[in-house]
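Chain nomenclature is as follows: A, B, C and D, assigned in order of appearance, with residue numbering initiated at 1 for each chain independently.
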Amino acid sequence: MSRRITHALGSLGQEILLVVVILALFAFVGTYNPRFLSENNLTSIFVGNAYIAVAAIGMSLVIISGNIDVSIGALIGVLAVISGLLVTNGYPIWLAWLAPLVLGAAINALVGCLIAYARVPSIIATLAMLSILSGGLITFTGGQWISGLPAGYQLAQFRLLNVPSPVWFMIGMTVLAGFLMRYTTFGRAVYAVGSNPEAARASGISYKATVVKVFAIHGAIGGIAAVLFATQLQVIQSTVPVGLELVIITASVVGGVSILGGVGTVFGSTLAAILFAAIGSSLIFLNVSAYWLRAVQGILILATVLADMARRRRTG
Amino acid sequence: MTPILELKNISKAFGPVKVLTGVDFDLRPGEVHALMGENGAGKSTMIRIAAGDHRAEEGEIRLDGEVRRFAGPREAQAEGIIVVHQELLLFPALSVAENVFLGHQPKTAAGLVDWGRMRREARDLLDRLDCPNLDVDQKVSRLSVADRQRVEIARALSRNARVLIMDEPTAALAEADVRRLLEVIRRLRSEGVAIVYVSHRMNEIFEIADRVTVLRDGVSVGTRPIGEVTEASLVSMMVGRDIHQLFPKEDVPRGETRLELRGVSLAGVVEDISFDLHAGEILGIAGLVGSGRTELAQTIFGVTPATSGEILVDGKPRKIGSVREAIDAGIAYVPEDRGLHGLVRAQPLRENVSMAILDRLTRYSVVDTGREQNLASDAIERFSIRARDARQRVGQLSGGNQQKVVLAKWLATDPKILILDEPTRGIDIGAKTEIHRLMGELAKKGLAILMISSELPEVLGMSDRVLVMREGRLSAIVDRKDATPDAVGAAMMQGRREPARAGAAR
Amino acid sequence: QSAWTGGDDQPTNPLACTGESPAPEPGEYNGGTPTNAPDRNGKDLKVVDIPKLVGVGYFASTASGMQEAAKELGNITVNTDGPTRANIDEQITFVDNYITSGVDGILFAANDPVAIAPVLKKALDAGINVVGYDADAEADARQWFVNQALPNGVAKSMMDQLASEIGEEGSFAIVTSTFTTPNQARWISEMQAYTEKCHPNLKFLETVEAQEDNILSFNQAQTLINKYGDDLKGILGMTSVATPAAAEAVQQNGLCGKVSVVGLALPNAMKPYINSDCIQSTILWNTVDLGYAAVEVMRQVADGTLKPGDKTVKAGRLGELPIVNQSQVLLGQPKVFTKADINDFDF
Amino acid sequence: MTSMTRILIRHEAILGILFVVVLFAMASQNDRFLTTANLLNQARLMTEVGLIAIPMTFVIVTGGIDLSVGSILGLCAILLGVFWQNLGLPLPAAIGLSLAAGTAAGFANGLIVTRFRVPPLIATLATLALYRGLAEGISQARSVRGYPDWFAVLGRGDFLGIPTQLWLFALVAVLGIFILRFTTFGRTTYAIGNNEAAAEFSGLPVERTKLVIYTASGFISALAAIVFVSRVSTTRSDMGSGIELEVITAVVLGGTSIFGGRGMVIGTLIGLCLMQILQNGLSLSGVRGDGTTVVIGAVLIVAVLISNLLSRFSSD
């Protein structure tokens, strides 16, 4: 029994490390400036990167399956704009919320086919998608922002039990995906495919179907992230934050998903996304000169990664 | 009795290379049908066709008399055709239990993966193979080769096979494990399962097989009931000629001390090992799986440098902190896991053979490809490697031929001390004889050879002295004349829980 | 008081605290001249507009002003094209390619005044008319620059507005895009100088960076609110991305009327907040007019009707625009949009 | 010639053909395209990406990746300015120090990857943030301008009628081709990419080779920074951001396997040129930047698809 617990802890090592780091950060900054721990600020931290955390869940699936997606930032941008255009052109709000999911799934299923059936390595397929989506977005919108969004559209501003909806989405999606990955044959197939595609084939698991499904799910989750992104403010930008894909990938890998495939959980990436938001907020509270903000972020990410490596070596 | 599985007139080619030509094969329920042949004869290829992994260009597969075409392994599995693959298709990042059940996990009523049942059933299966120490929650990446082989077997057993195909399931197993596996096979046979059994080990074949089919160069030489063949006749069917002496060990006068270990330890794995190895000597190392033989070899070779003790080469203490230093000291190591440690499968034969001596093939650090080509051509000839040419990717060669490439690679370093870790694992009888002959020849030339083998007859047949390891320690050193299976076996097993006798190691 | 973060270290020139400042003298022309430019008087012109980046509302609206002018003039076509990120290198490549393809004129908004200079000089050498708007290059690398508002004017409008909303003793923080953006850095420096001179008791807290990312801007504004609590009376938004995001943060926190947001933003993006009385104002020049003026100036430069030494230039529906700072055309003073008039504008 | 290089040649052949097709297509669209002046100018514009792509080919052949190159470029550009203006060093000394700093940054990447065994993607994701942060912190967002005229020769001048930096690029490229193709170092690089453990068991200096490659990547990024600063005559901390994706696109378009073990510098060069003439040629034919981006994405997929298709018919 204790062995089982050790194993469980071993496989959740990175998640625990992240929780410890987050708590330590909260304690430290909270001592320095108690306002950091105010309900308001904690909420902001959780809301701040919620759409990144949600997108990182899909990314984790992709990485666990042994692939990568560098086009997710552009996809979120495209889907957000589509959602905004639908609603400003008089389509019902529910459609504007749902369409990104469906379209995201469809677009990424296509990418998945390219990877699975045409054997284009995922980084190449998604690099290409990055170009196509980000270029296409500008061509399509001409750079106009979307404003004049109707009331009731701002899904990300809703609250349930006084908790903002992005937090619910973040937690809900994490639990759902965590469950999917652990308790369904599909989830296990994702690990199998990422760990050894040839062995997966020999075990009767279809590599192609699994990869296409992973990408489709990732696209749908990207659609949710896009809706959260689009509905947080009263305008929708027609450009994507620069380097969003890297932030999402970083959240995934700092969360303990092995870039070599087959390893990791979705909980880690959510924790990592929260950690990033907490770091960003902390540095302002600690009066770290904004010039050095990014350097400190880099050091913290590096430290987390190195601590993880040290931990893995100790536990073998 | 109608055959359950029948292959008719199967032909298969990889590009221009014909691998199988018009092969017929049939399998009846409740029989063990052995498949034999030299390395590269096409056994694995035939199996993969039967399992839906490869598609044959010609011929047909009949299942229960009906012609079938499998689109992939999944369809074959659905019909109960299960394969233990030669190259161990496992998921390194996942747990043992999951490896056993991936693709057909037990589910709860809600259709979810039932982890508890999965772990329990995996435990039961492993217990059936008598490996109680194998933790079902362990990651497979941390298992030894032997344990992986057990997992692979457990995986095949976990599916309810009608046809169980085992491609060299015992290659990585020691005697005791083989016994247990054969028992399991007998039981399955009595339950009516049809079994295809591939092995290069004669004694297993005679013990378990009902019929045997021999492949030679992609052609079926014939199928015989086991009672109608002898070891000699089987060998001549496989090789096309007679082979008489299986272990052609010649006596070579013992030369000066080449390698000496004094109290070498690798903390926690190998403890306090001392012995000496002489020029012209073949020193066998016997031991149970997991007794630390491989770790010892890798310590000497600098992969995991010793944490204490001294290693002397030619009487002088040498610091061996890396593979490079070991090579420079004249040590070569043929690893047991050739796919992982021995070869770069995606690269041509030529580049593999030259890999360990690249620095000697260069001028101003530019590789002299002419000399490299010669080296490779020589190796192909000397070891009779079956390859299209020196440019063929090593990954495309059969297992035995890959092993020869590893040997060639290490002999190219012109070593003084050669460590062979399971040198003939998965190698056909012809090649095995050749390798044994080669070992004798090398010893005669003054090479000092350290040979690890889990095949007791091989150790006893080839060694001048036998060093027995148990739980990371030296338990005995036995001279050739005293080396009987009983003596060595006893040293391997004795007092598994008692502390080793002090004097034995010295 | 320590220097404000985010400024540059160029000399500042704060305006007088009250009353109209006299328009600066034009001085002697210091722009460049195209070599061997063909006679383009009255001919059809093919002009390319290369903004800092495409895909943001700001430059979409300048581009629409350009199309308006082009339509009005009839003998000029303008094509907007540029990098998707405010990236100096890519912008240079765009200019370079358009030089090769042979346009008559280049309109640009520079990501970096120095970095873009060599390639603009190359354009001048190729006989192309070069006119800047929004963000200038080195003076001799272009002919004219259409200045939306003088930095000290922007600073005065912003700080006077802030002081009027939060009082002379309030504390405020700044949300900007990045510290490396020259325009914002210039404005921040001028704002500091002007504040020291005219609103010495306003308390500057800090500047945070938010890229051109509206969610990040929102998060940063939110963090500032959380950090300073009641001490924070005002947020200055330096970009058209940051200002609405800061307003949103104020609104979502229910701090309307308690925390003021003063900043540069497109009226359309601010309408929801101003119309709901959460935010009082937004400051901006008319970006459509900026693009419009740039094309008008380009036409006249090509025609030869705008020459070094001129003191004003006629710019279509905008009337006479003054020439300042040797080779700049001044669009005017920044405008403060309030609930009273914001709904009259659509850009 | 080995069977492996035969395949590669094949991919290169495809790419080469594609290149020629595009070249003629573009030339027929616009008579200003196929002129010496334009082509040389394009070569000048692609030098920085090209320089970094050479060591990146090595990095990717080992199965690694270096995402921090753009940040190293930015950091070195800033350091050049700081050393020269703020510390008052002579410019050549500042150049030397800046190159040294880039080398050190690359070395640090190498150490993290080899000593601490952090997967390269994660390691360089972290240093991507760190180095960019250092650049911002050190520069305090100030640009350094006003470099002496002689310095501009490197980035804007000519030598024997050919842009100065092109000579430098050619030198690095030839060195790269030679080392990867003919030397033990190159062999080791391939072996590491194909099977690191086997390379280690063969006594090849795995760690040292990787360390050298990452260090070289840092050094060349610094070199690119010098060229870049000289070309644009200013230093800013955001220089080179996003360049990593361009570089990786060129390398993978050139046929280098993202999984390591396969690839050639020649391929990278063709990939690079193809991208550049597409950008230039399309722009000259009146396609806007966003359209060009879309086309490049499509070409990336098409190139990989064609070569996948052909390799299926080959004997391997």
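The rule is short, and it goes like this: a residue touches a chain if its C-beta (ideal position, glycine included) is under 8 Å from a C-beta of that chain, and two chains touch if they have at least 3 such contacts.
Everything numeric here is computed off the predicted structure, so don't read it as measured data.
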Check A-D against B-D and say which one is joined by more contacting C-beta pairs. A-D
On a C-alpha centroid basis, what's the spacing between chain A and chain D, in Å? 29
Taking each chain's centre as the mean of its CA atoms, how far is chain A from chain B in angstrom? 44
What's the distance between the Cα centroids of chain B and chain C, rounded to whole Å? 73
Multi-partner residues of chain B (each touching 2 or more other chains): none
Specify, in ascending order, the residues of chain A that touch 2 or more different other chains. 134-135, 137-138, 242, 258, 260, 289, 291, 293
Among the residues of chain D, which are close enough to touch at least two other chains? 136, 139-141, 241-242, 288-290, 293
Mind listing each pair of touching chains for me? A-B, A-C, A-D, B-D, C-D
What residues on chain C touch chain D, complex-wise? 6, 8-9, 54, 79, 81-85, 87-90, 92-94, 96-98, 100-102, 112, 114-115, 117-118, 178-180, 182, 185
Mind listing the chain D positions that touch chain B in their complex? 1-4, 182-185, 187-188, 190-191, 194-195, 197-205, 261-262, 314-316
Given the complex, residues on chain A that touch chain C span 33, 35-36, 38, 40-41, 44, 48-49, 51, 134-135, 137-138, 141-145, 147-148, 157, 229, 232-235, 237-239, 241-242, 277, 280-281, 284-285, 287, 289-291, 293
Please output the residues of chain A touching chain D within their complex, sorted ascending. 70, 114, 118-121, 123-125, 127-132, 134-139, 242-243, 246, 249-250, 253-254, 258-260, 289, 291-299, 301-302, 305-306, 309-310, 313
Enumerate the contact residues on chain B facing chain A in the complex. 53, 72-74, 77-78, 83, 85, 89-95, 98, 102-105, 107, 111-113, 115, 135, 137, 142, 155
